[in-house]
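Before I ask anything, here is the structure I am working with.
Order of writing sets the chain letters: A, B, C and D. Residues in each chain are counted from 1.
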Amino acid sequence: MLSIEEVRKHNNQGSCWVIIHGSVYDLSEFLDKHPGGAASILRYAGKDATEEYDAIHPPNTIEKTLPRARHLGKVEQSIKATSEPKAATTGVIGTLRGPIPIEMCLNLNDLELAAKDVLSERAWVYYSSAAQDRMTFCHNLDDWRRLRFRPRIMRNVQKVNTRRTILGFQSSLPFFIAPCALAKLGHPDGELCLARGAARANIPYCPSNSSSVSHEALTECLASEASGGSLFFQLYVKRSQEETLENIRRARALGYKALVITVDTNVVGIREDDDRFKIREALKNGQHHVSPWRAALSNPDPEAVLRGPHSSTLNWEDLHWIEDAWQNAGPICLKGILTAEDARIACDFGMDAIYLSNHGGRQLDSATSALGALMEIRRLCPEVFSRCQILLDGGIRRGGDILKALCLGAAGVGLGRPFMYALSAYGTEGVHRAIEMLNDEIETAMRLLGATSLDDLSPRMVNTREFEMLMAREIPELESIKSRL
Amino acid sequence: MLSIEEVRKHNNQGSCWVIIHGSVYDLSEFLDKHPGGAASILRYAGKDATEEYDAIHPPNTIEKTLPRARHLGKVEQSIKATSEPKAATTGVIGTLRGPIPIEMCLNLNDLELAAKDVLSERAWVYYSSAAQDRMTFCHNLDDWRRLRFRPRIMRNVQKVNTRRTILGFQSSLPFFIAPCALAKLGHPDGELCLARGAARANIPYCPSNSSSVSHEALTECLASEASGGSLFFQLYVKRSQEETLENIRRARALGYKALVITVDTNVVGIREDDDRFKIREALKNGQHHVSPWRAALSNPDPEAVLRGPHSSTLNWEDLHWIEDAWQNAGPICLKGILTAEDARIACDFGMDAIYLSNHGGRQLDSATSALGALMEIRRLCPEVFSRCQILLDGGIRRGGDILKALCLGAAGVGLGRPFMYALSAYGTEGVHRAIEMLNDEIETAMRLLGATSLDDLSPRMVNTREFEMLMAREIPELESIKSRL
Amino acid sequence: MLSIEEVRKHNNQGSCWVIIHGSVYDLSEFLDKHPGGAASILRYAGKDATEEYDAIHPPNTIEKTLPRARHLGKVEQSIKATSEPKAATTGVIGTLRGPIPIEMCLNLNDLELAAKDVLSERAWVYYSSAAQDRMTFCHNLDDWRRLRFRPRIMRNVQKVNTRRTILGFQSSLPFFIAPCALAKLGHPDGELCLARGAARANIPYCPSNSSSVSHEALTECLASEASGGSLFFQLYVKRSQEETLENIRRARALGYKALVITVDTNVVGIREDDDRFKIREALKNGQHHVSPWRAALSNPDPEAVLRGPHSSTLNWEDLHWIEDAWQNAGPICLKGILTAEDARIACDFGMDAIYLSNHGGRQLDSATSALGALMEIRRLCPEVFSRCQILLDGGIRRGGDILKALCLGAAGVGLGRPFMYALSAYGTEGVHRAIEMLNDEIETAMRLLGATSLDDLSPRMVNTREFEMLMAREIPELESIKSRL
Amino acid sequence: MLSIEEVRKHNNQGSCWVIIHGSVYDLSEFLDKHPGGAASILRYAGKDATEEYDAIHPPNTIEKTLPRARHLGKVEQSIKATSEPKAATTGVIGTLRGPIPIEMCLNLNDLELAAKDVLSERAWVYYSSAAQDRMTFCHNLDDWRRLRFRPRIMRNVQKVNTRRTILGFQSSLPFFIAPCALAKLGHPDGELCLARGAARANIPYCPSNSSSVSHEALTECLASEASGGSLFFQLYVKRSQEETLENIRRARALGYKALVITVDTNVVGIREDDDRFKIREALKNGQHHVSPWRAALSNPDPEAVLRGPHSSTLNWEDLHWIEDAWQNAGPICLKGILTAEDARIACDFGMDAIYLSNHGGRQLDSATSALGALMEIRRLCPEVFSRCQILLDGGIRRGGDILKALCLGAAGVGLGRPFMYALSAYGTEGVHRAIEMLNDEIETAMRLLGATSLDDLSPRMVNTREFEMLMAREIPELESIKSRL
């Protein structure tokens, strides 16, 4: 039994102890390996970090991750920490007033506003942040608006069919919940809300590899829902191949239906809102040597400049061992493709699907939008549409946006942030309501477009002229792209 | 004689009684058939709804619509209801201060501002609302501004002729009053103001199928005006074919001069401002189970998800029985066409006219503008111009906008909201003034353009380059459109 | 000798007497012929109008214009009127505080701000107003900004030559003062400031046909300046041919060097700011029957709907008698051309020069800019450049704008409003300073462009791509324009 | 020994004495030759100018420049002047509160805001000012944003190489510190901060010809830094050929590694913010005859209208004597090229490098951006890329902007203002931090783009469609440009 006084002494980078659920852990050597960065641990050096820890980690993460030798034993008086009010455990504030009545939310933007009202600053910043000048984030939203519908009239649209097969799953609607980490920041039930919402509506959900609810709990939750749904496994390829293999095996064992390999995170993007928040917090705590940037110039250790915990060596050849580990447990999809060239290579590598995405504008600022990539593929390598399924995400906020993507050949689309806002404000009910909104918007727009089935949607139903002018009509050095792999 | 206490008990969805002009009606089974939705009736369940009812229905609507068996008889004390101040009967507030002097209104936008000052929130929301993000509403206004005039000089323009034949009627001006419902929300005389204004200026008026003044009263009003004018009948095809046929027969009997079949409302668009207003009102009344969205997902009854009272099965074949019922009583026009393809099909079906419209941006958000459709037709199927008359509406606010439409081949244009604002602020005088404004703007612009007759207007008088760049220069898969029906 | 009481009785449209400089005039029959409209006279019916009259008319205008029979004689007590403070005589307010020091004005926009500070509302409104939604006014300013310079380096630019021959006059700079009426509204010396400023800088000045200083005074002023300058005569073709002929003869007699025939005012444009001001003033005076619009609909008299005093029948044939009257007294120029077609016709009619202008955006709103017209001519009928001189105005605020126009083939440009603001704030000194500013800007930009003479300016020195995209690259029905007259 | 009373009498243009470091100088005849203009000296006529002088001149400038005969000797009591607080000596205010903590600055824009907080108005105005309407300044920033990245995935990017040879120097990063004058206005150490920062990061620094720290001090500083770096000499060609030759010889003697000849300043641009500041100061001092503009119109002396101290006769032939004087001491580069034509001529003249620049938008307003010029060269004379190195500057604020320039063929880029802001707020540490930021941004963006070496960057990695549409797709009279020298 360690005394609280003893723990308090280990409050710095040299010796960093932390109390979680009454146990003391020596994290000194783990600091640099922490996916969330050293700074977020150092804030709790010598202190009880239970609340913060619970908000973003699946249970027992530390027990499983940290070598036994660093488990230092129990601490006295640790009961106090868990007796603090539950609300503070998550990032949610405002339990007193709460969000506006859910009836007043008519669309996904309303859910975002409702969430903004109740989320802690930390959670809001994490969910809403995007890379640098937010240019790509803004393009994601704006680009959909540059397409105009060409609606057809005088068609019997009494019954419309919104079903679409996505990564092998017969979804009731042509969209899925895209991977977003740390749902517990927004709601105590975290990702469970998303799993329940998706199951009830019979749409797929692709939890983040770094789900703050354990994947075991998510699969269990889905199994207990009678209604449907499906889970896809998002894979982050880590620096440690073994860790990656373990993740794949676990996903297979848990019965995940598809593997979605994220390929646009060899380093984590520069999200300044996040960094600003961390720096403000650090300065409040008297820590002045915060350095969110990692200039190779000033870092003798080349590893230290690699932002985030992901593999920076991932390349096409790695697909072989990943595929081997997955053992044909379901379709494989590459998430993060943004060029016609890579779409073609992915086909050549036998991918079942490609997923056009710029990671919600959180990675490379100024990168093109998924819509830009979709248009490129249409022009430069249209055969990709018949060789594999194309999914996409980014900036989708309306049923009409979804239909535009489908008109241009996407098989289905993902939405991320809107669902995080929905669960933050209203939990599972919010997720369900968000799906209902999109359901209504999709059906109404289909009817007004003159389409009774998603297969009726065609490129002729959207005028892409304005967008093409900006983006995809001519690609630099078109010929050489065509002649290349 | 029913007691007021008895009536008050029937205040819910299960049993919903309502008092109108001293009579009690059981609307329990009518709730789902009400074109304006159940919610607007339920607000008056167990209460006197006379004022609200009068504001939007032609007299005796309920007597004619509701089965006899649901007429429950007279109620005591109902006199009280009608003794309340008249102002509250309509949506107009501010009788004390009233609008700014009409002399200060120089253009249609001024009339809108004047109306906004005096209209009730409810009326303002109803008139001004548009679908979802108002993208199409905004395109409607902006697109006209993207055309620049190319005025010709040194022509004798002392006398200009603004006459144009619209749907067979020799109009003194190249525009008409487009269908808008519920004029009584804005003024106690409702649509009568529009009929009078149009008659005095000798331009056509196409009342809404759902006019809040009866069609009988409108035709009578027109007959009593010595000056001129003409009424066109806007037809909403209802779910009940019999009701539709009855409407057509009635229009024919009343001597309407043309039939304008609205074809873009198989469901009613998602107008969030309207929904927000209804929800706020409902929450004020303690009703928490408002659900403006109708997700098929959560509605076992497929009918329940169809927004609005219109037919969702309307298709080209239906034109046959509609034509039969109309018995060649005048030209037939399809309102709501937005693509070259449908323009061509309408010609092939022998329509006398097509009416390019996106319903004032109230139906499918992100749909193209009428101007976009007009440009498309010019490029893809110019023969349509010689095969039938092309009308259009949407975003017209200036005489110059009208001339732009005519330069590009439209026979005439409709204006809706501006006239609703004109009557709301100033009644018949406002409608007259709005027409005068447009008359002056048209003549001045014609002279400055070097045109003495509307037939002088030509595509050469507008530079469409900026707009074409955005919209119509190339249509996706142009060839296949051309080769298609 | 008439008593003041007697005069006061004649205060309405039926009998309208007005006192000017102690004499009484019966203007009852002149009301409808007044170029400035009846309303501005009726405000002084039965009153002394001396101050207002002086502010905008050359001396003795009324004596010369009104038939002798309507000169009713002297009035008692009229001395009082002229003893009122001089400041009120002009539109200038704020003699107490005055404008900011002229040293603080670095460019033409500064002069506008300085003028706005000191001008009466009436004068500000008159100078700054433009047609309807001010779209063309804004295009005028914005279009210049869409061109980017392509400056050349490594050229000896120590000496630059800014001389350019404009309408036969060897101007020291490639611009002139464009016609604007009513300079006395801004400064008691009115147009004399412009004549002096132009003379001192040796640039041409084209006074308005409706100069508030008499043309005799202007020519006398110029003659007394040793330095140079030249006057061009702007001709408004009036409804009365005789009046027009008289104007031409007078210009010739006074030695005007060129005739600038304005051809874009068959009616006066709808300038709502002007109308709003007049209506506010009328309502203040209790006049409720103001009607700034002139709908043919409501006017039995077709003449009444023609806005303004100009001929609405002016056509190409009229050029013959105008030319005859001018008797080759100097070059003839048509002002107000905006299309390639009319530029070509003007050449065919032997005009020495054409003047591209949309009248400062005051006539047809949404008309193209002079720059748009210039680009059109370059593409569609480039031979015009060699057949006649091309001048233009509209939106020029910088020396760089002038060089852009010259690069694209204009011989010279006019500036109107900036000089009115300059004289309003600082009189002749302001006009001189405005010319100095442009002189400095032109020389600096020439040097930085690598041009030592205006003849070095070439289309290669501007990148017109952005503007062409919007405006002039393709004209609707290009072929037929080319083949036409 | 002169008395202070005696000095005070010489306080005007006719006789202007000034005290600097206790010595009196007669500047009456130097007024017109002062590179910073006469006004800035006249403010100190008859007074002690030591502080102001020190802030912007290298030590002993006056001793070396002014003829001996004008050195009038010592003054009594001059000690007082130097005993004033040091802070006032530089343009920096706010030593009490200082800038925000440097940790809170995440990007170059943050450094600008931090600097704005602490800089004196004078320094802020000097650094931030740009020509006239700041159009070119804004284009510089915006144009980079019009390019979208096309990132490639699945490439091993663990190690990235950011080295690039710039003007013969092996730089650790593909950018350098561009010339900006008067760093002492921002920080007492002035340009030394830039030299130190560049040396530590091993990137080149090109001090301004008019460095406020002497070039001797700069080279000495660099020599004392063990780490690296390199100095390039920016040459302003002065009116006096001898002065220019002296500058070149000095640069050679001091071991500068390259000669960067600035060719876009035959006159200094019209920077109105600067002028406004000077005028406000002059008016405060009671000087009313300030005339920032130099209209040839009003200046009999043609020299007087030439803004600034630079040669206005510089032309291609001058390169011969400049080259002779430089004696092959290193690469020669022309800075200020903006057209394909001049890029080609520079090649033909054997330049080692060309430097596309519009001088930070400070010279010709409305001139194209360096990016526009780069695109032009790609299209019209791509052989230039293989014949000489292309550098550029203007509007670069992100590592991503640098990569875009490199993708399109630039060898390296310069940044000016951001470094001035960095040193103003934080001295050498700020400069270092700015480089670190860019280092991190470049490496992160390279990894996310899929590039491990700068040589991997290719035009295919940016979609230039939007920008090309505006700027470079078609150049006016393309053919003639191609056929020309």
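In the analysis below, a residue touches a chain if its C-beta (ideal position, glycine included) is under 8 Å from a C-beta of that chain, and two chains touch if they have at least 3 such contacts.
It should be emphasised that the depicted structure is a prediction, and the values quoted were computed from it without experimental measurement.
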item	value
Homomeric contact chain C-chain D: same or different residue positions, threshold half	different
Inter-chain centre distance, chain B versus chain D - centres from mean C-alpha coordinates, in Å	63
Chain A and chain B: spacing of chain centres that average the CA atoms, whole Å	44
For chain A, residues contacting two or more additional chains	469
Chain pairs in mutual contact under the definition given at the outset	A-B, A-D, B-C, C-D
Chain A contact footprint on chain D (complex, rising order)	101, 103-104, 106-107, 145, 147-160, 162, 172-173, 201, 398, 400, 404, 435-437, 439-441, 443-445, 447-449, 459-460, 462-466, 469
List of chain D residues in touch with chain C within their complex	132-133, 135, 139, 263-264, 266-267, 269-270, 272, 275-276, 279-280, 282-283, 288-298, 302, 305-307, 312-316, 318, 334, 336-339, 341-342, 345, 363-368, 372, 469-477, 480-481
